[in-house]
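So, here's a batch of structures to check.
The following pair of complexes shares a single chain, subunit A, combined with subunit B in the former and subunit C in the latter.
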Partner chain A sequence: MRRTEGLPSYPRRERLPAIHLTLAQLTDQLVNGITLGMLYILVALGLNIILGLMGVINFSHGSFFMLGAYLMYQFNGLIGFWPAILLAAVLVGLLGMAFESVLVRPLYRRIPEYTLLLTFGTALIFAQIVRRVWGDDAVRVDTPPYIPDSINIAGLAFPFYKDVFLVLLTVVILAGVWLLLNKTNIGIIIRAGTRDAEMVKILGINMPLMFTVVFGLGSLMAGLAGALAAPIYAIQPSLASEWIVLTFVIVIVGGIGSFWGAIVGGLLIGILTSLMALLWPPAVEMTGYFIMGIILLVRPRGLFGVEGLFE
Partner chain B sequence: MLLELDRVNAYYEKSHVLQNVTLSVDAGEVVALLGRNGSGRSTTCKTIMGLVVAKSGTIRFKGQEITNKSPFALAQMGIAFVPEDRRIFPNLTVGENLRLAALAGRKGAWNEKRIYEYFAVLGERKDKPAKLSGGEQQMLAIARALVANPDIILLDEPMEGLAPLIARSVEEVVRGIRAEGNTILLVEQNARVAMSLSDRGYVLSNGRVMASGTIAELEADEATMHRYLAV
Partner chain C sequence: MTPPNRARRLLLHPLLWTALLFLALPWTAGSDPFHGQWSGFVGIATTMVIFALFASGFNLLFGHVGELSFGHAMFFTLGAYATALYANGFNVTVLGAVLAHGKGDNMLVALALSLLLALLWAWLLARIIIPRSSGIYFSMITLAFAQIVFFTTYRWSDLTGGEDGLQNVARPTLFGADVLRDSDHFYWFAALCVFVALCVLYWILASPFGSVLHAIRENKQRARFLGYDVDKYRVNAFVLSAVFPAIAGWLWTYFQQAINPDAGSVEYSGNVVMMSLLGGMQTFMGPLLGASVYYELQNEVSQATKYWEAWIGVVFVVFVLAGPRGIMGIIDDVRTNGVAAILRNPFKREEPVEPTFDEALKPLDESPAVSETGVR
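So, the complex of A and B:
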């Protein structure tokens, strides 16, 4: 027989993946996309608040995310998983405050291109520092053994840390940020400052201090996202540039200065990018830009960037 | 004197907008800053508030030199500035606008509760977004100044751009807070209105003080009034 033994010849049509397999993969990628989206949101929200309040396009924001992951990796072996996450986030937050008060502050009165150039330059420096300290190759962090690998929900197994814990935790963090912005005096100052920072100053608020605090909070969120992401993504120097570009796309898609814009934009890009990995892998890298293009054509200020800042 | 400007000079780029401006405001006084459009009245307020740099000259407040201090420090010292464009935060509620102004303010005769009693319009809209009509915006702008219990209010053209009836009610508010003994540096275009609200006045033209005196003295000086003001 010329036919290959043992391999029954099916009609071509039936060799396509069966429907139930595609559904499982779809759910998988959908959940992946949500996790990715939630982390995007944490990073994009900090970027967006800093951009909205101070008008600073912080190209080093992705580096803060990357540093969060590397610092988590560094401290994990020394002080344990959870303390390492906290310490990494706090250190990145403090770094952000120092960064703002030493490097960015002298440039507020200049044209915006100066801060853009500055933060672009420091992003390159951070990348080099990371290569020097931790090397060119990816490093990895494992979740502690007591964290279950997966959890069964409705008959499907989901990775526990990545798809359940992280998603729930980021929801809690985002709720906290929402409360901070909408229910506290600091939130009033931030929302008002996003509109007219000078008028807030005229009302007696120490805005230079607020700028430093908010820059620190935004950086802390990026660092926290990086530290939380450390166990699920390869930790490497290219993280910074990948994430800064995507989170900018999210800010633009969602609308500058918009809380809900960052959330919807983050989830949209996270989910569609993940699904694209399944449907048409070569297009994964383009997904975000494609979405951005379409949305900018329809709504030039992004989805939520109409009028209300942080509403 | 509560507030004193001594030969203050200020510039926008190369144009010399305040030229040796000297003026003073005593506690409890309402002093009018008169002059035509572009004469430098708003710039005077902004320079006092630290928003425009005084290249030379000195500004003193409660005996302390405050030249070119930062605006938030001046606000904390007791200077409130109500800018001509009001600068209400439309993305905040009326209540949040007021709360923000009270945050760094001082305790005193005014608090949020009393503001809502005094300005009924604001009380009704407390929890609504501050997307207000011109008159309401001006009321809120004045309320934001009052709630901080300042020593002096720099009030820049509060009646400008309002319909006559609304302008009247804002004028009555200013008259009311004057009656309570508040100190005000009042910029006003309409000389007659300014005169009826003030104790003394300064007449600015091209960034220079051309005349000053009590309201009676200024009113008697018809030549100056005609030359520098829209009467």
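So, the complex of A and C:
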């Protein structure tokens, strides 16, 4: 299996000395990195909320991302571009809720490693189901014709959907998630539960239901990221395993259970990975892991992490 | 009538059963020595014993210290590449300096190089990771560090051959005799090497050092209170558990006569996790049985469907949910309760004997959180 194919397609430039970089190239890669980072944030934030509240580390999270992209591809031809994105995200969210209540729930009594093992097994199953249904070859989704190809900002041309629309939409979504977490009752329960799930249960909250809802929400975010990424990247079965490891890295860099950690971690890794494509292309895939190594040496719990959570 | 205690202990000794398993594997894999047909599918048996060692080394950390590493394939791939590079030779320029080496045929030197490389990397990682993490955090971090090794083998084409890897690795000569070219001979060679390594592993686990590891698995804090330097023991266990995958990688390169970056991928790391759990993770025999069952399953299912991984995933998920003690757990149940009791009540809830070293996440629908005397 070729593992690099599904990686975000950085422009494969010749190796250039740093002095030859033009401002245009730099801006180009910077914007590329922000787009990439925004998608990372969506996926990592979903994983992080689940991890923070429930202590469940979901290896199938990457599969949900991949399923979002494939479902978007499937429905795009049937019901149009925008409804397809919405439907794909909602379906993945529902799948996540079913997944939690049927498979993950029996494991809360055990140590958290078991959920990692379980979701690793289900990730294998999801990958094979996807191969069976949509085949081994990559599929593509085109943006609808009324979306302009590129837009000029300050004399530079940017791909409209990828670099402008997607980034703005993600900012709106993240603002929505922030409001949900900070200004609603559900958000207060989630944040309190992250600190002490048992105490919240004593206060009369139906925690099993909350767990299902939060798992669904996290999965929905992964599915939405997948659906939004569908027009940008080649959609193929190896998508899941590539994204899940980087998502783990972002969670480690940002800190388990932290909203701002996921955002800073996602942007940091997205941007630096893109810039690495200019500086030293062979090391592109490794950028995130090196950042993780450095962060781990300096701040073992991640940038925004709290000591003693899930250890 | 039960045999005397001493004889009984000898009969139930895991190393005896390991030896029997290795003797039996070529038969299960399809060859039939009684009719002069040795070759059969002995390659599958060789794969089984090599992965038995790989999984056992991984299980030293997972089953006996309670730390789930999701990146053990990095030691396997380091051992494998060290061997292939030694055997094939290389010629690269690093920062202006030319590193070159001709072909090598001494397999003991290859083994030493594999071990050296894996030990250095494991020691470096252990110093970084162990004091800073445990639990699921540890799993994620080992997975990420394994990716560094994977992408190095993938991208450093000058040295590692990139995606295609290194091919045409010659089988080594055994003290000058060219006998390992034959796959049967190689099976017995690999089985012998693995058996010796497993004896060392058994000795480690049965030593006082092994007992401390078990104590750490059961309760880290109590082990610390007893005066053991827990982190030091975990570092040592981590480094030791890297040794066996490196030996397995050494055998793997000579067996396959080629190596590619896949050997260090997430899939390989995950496979040994699955083998350990399928076999029974807190036992010595578990990973050995798990590796055999895994490849037997793969062999059978992949003939029926090209989506065989899904079925392995289903078997794995069923074991995680219903029988986390694995095949050894089932054997144990049968031995303690008898077949009749198991058949009478086959869906008895199997309570796993496992540590609960994460006190932060209590079961939600069990035991009132408020005691008689007030909030705990």
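Methods note: the second predicted complex is superposed on the first by the 284 of 311 C-alpha atoms of A that agree within 3 Å, B and C clash if a C-alpha of one lies under 4 Å from a C-alpha of the other, contacts with A are read in each partner's own complex, and residues count from 1 in each chain.
Basically, contacts are C-beta pairs under 8 Å (C-beta built on N, C-alpha and C of every residue); 3 or more make two chains touch, one makes a residue touch a chain.
It should be emphasised that the depicted structure is a prediction, and the values quoted were computed from it without experimental measurement.
Looking at the shared chain after the overlay, A:Ile205 reaches subunit B, while subunit C stays out of its contact range.
Residue contacts after overlaying the shared chain place A:Ala197 against subunit C, while subunit B stays out of touching range. Within the superposed three-chain model, A:Gly293 lies in touch with subunit C and out of touch with subunit B [touch as defined at top]. Within the superposed three-chain model, A:Ile79 lies out of touch with both subunit B and subunit C [touch as defined at top].
Applying the stated contact rule after C-alpha superposition, one finds that A:Ile129 touches subunit C and leaves subunit B untouched. In the superposition on chain A, A:Leu23 contacts neither subunit B nor subunit C.
One of subunit B and subunit C touches more residues of subunit A, and that partner is C.
Legend: residue contacts after superposition of the two complexes on their common chain; A:Leu168 is shown touching neither subunit B nor subunit C.
Looking at subunit A, you'll find residues 198-199, 201-202, 207-208, 308-311 touch subunit B in one structure and subunit C in the other.
In the complex of the two chains, the subunit A residues touching subunit B come out as 185, 188-189, 191-192, 194-196, 198-208, 307-311. Touching subunit A in their complex are the following residues of subunit B: 49, 51, 70-72, 75-76, 81, 83, 87, 89-92, 96-97, 99-101, 103-105, 144, 148. Within the complex formed with subunit C, the subunit A residues making contact are 1-4, 51, 55, 57, 103, 106-114, 116-118, 120-125, 127-129, 131-132, 197-199, 201-202, 207-208, 241, 245, 248-249, 251-252, 256, 282-283, 285-286, 288-290, 292-293, 296-297, 300, 308-311. Put simply, subunit C touches subunit A in their complex at residues 68, 70, 128-129, 131-137, 139-141, 143-145, 147-148, 151-152, 154-156, 163, 262, 265-267, 270, 273-274, 277, 307, 309-310, 312-314, 316-317, 320-321, 324, 352, 354-358, 360-366, 369-370.
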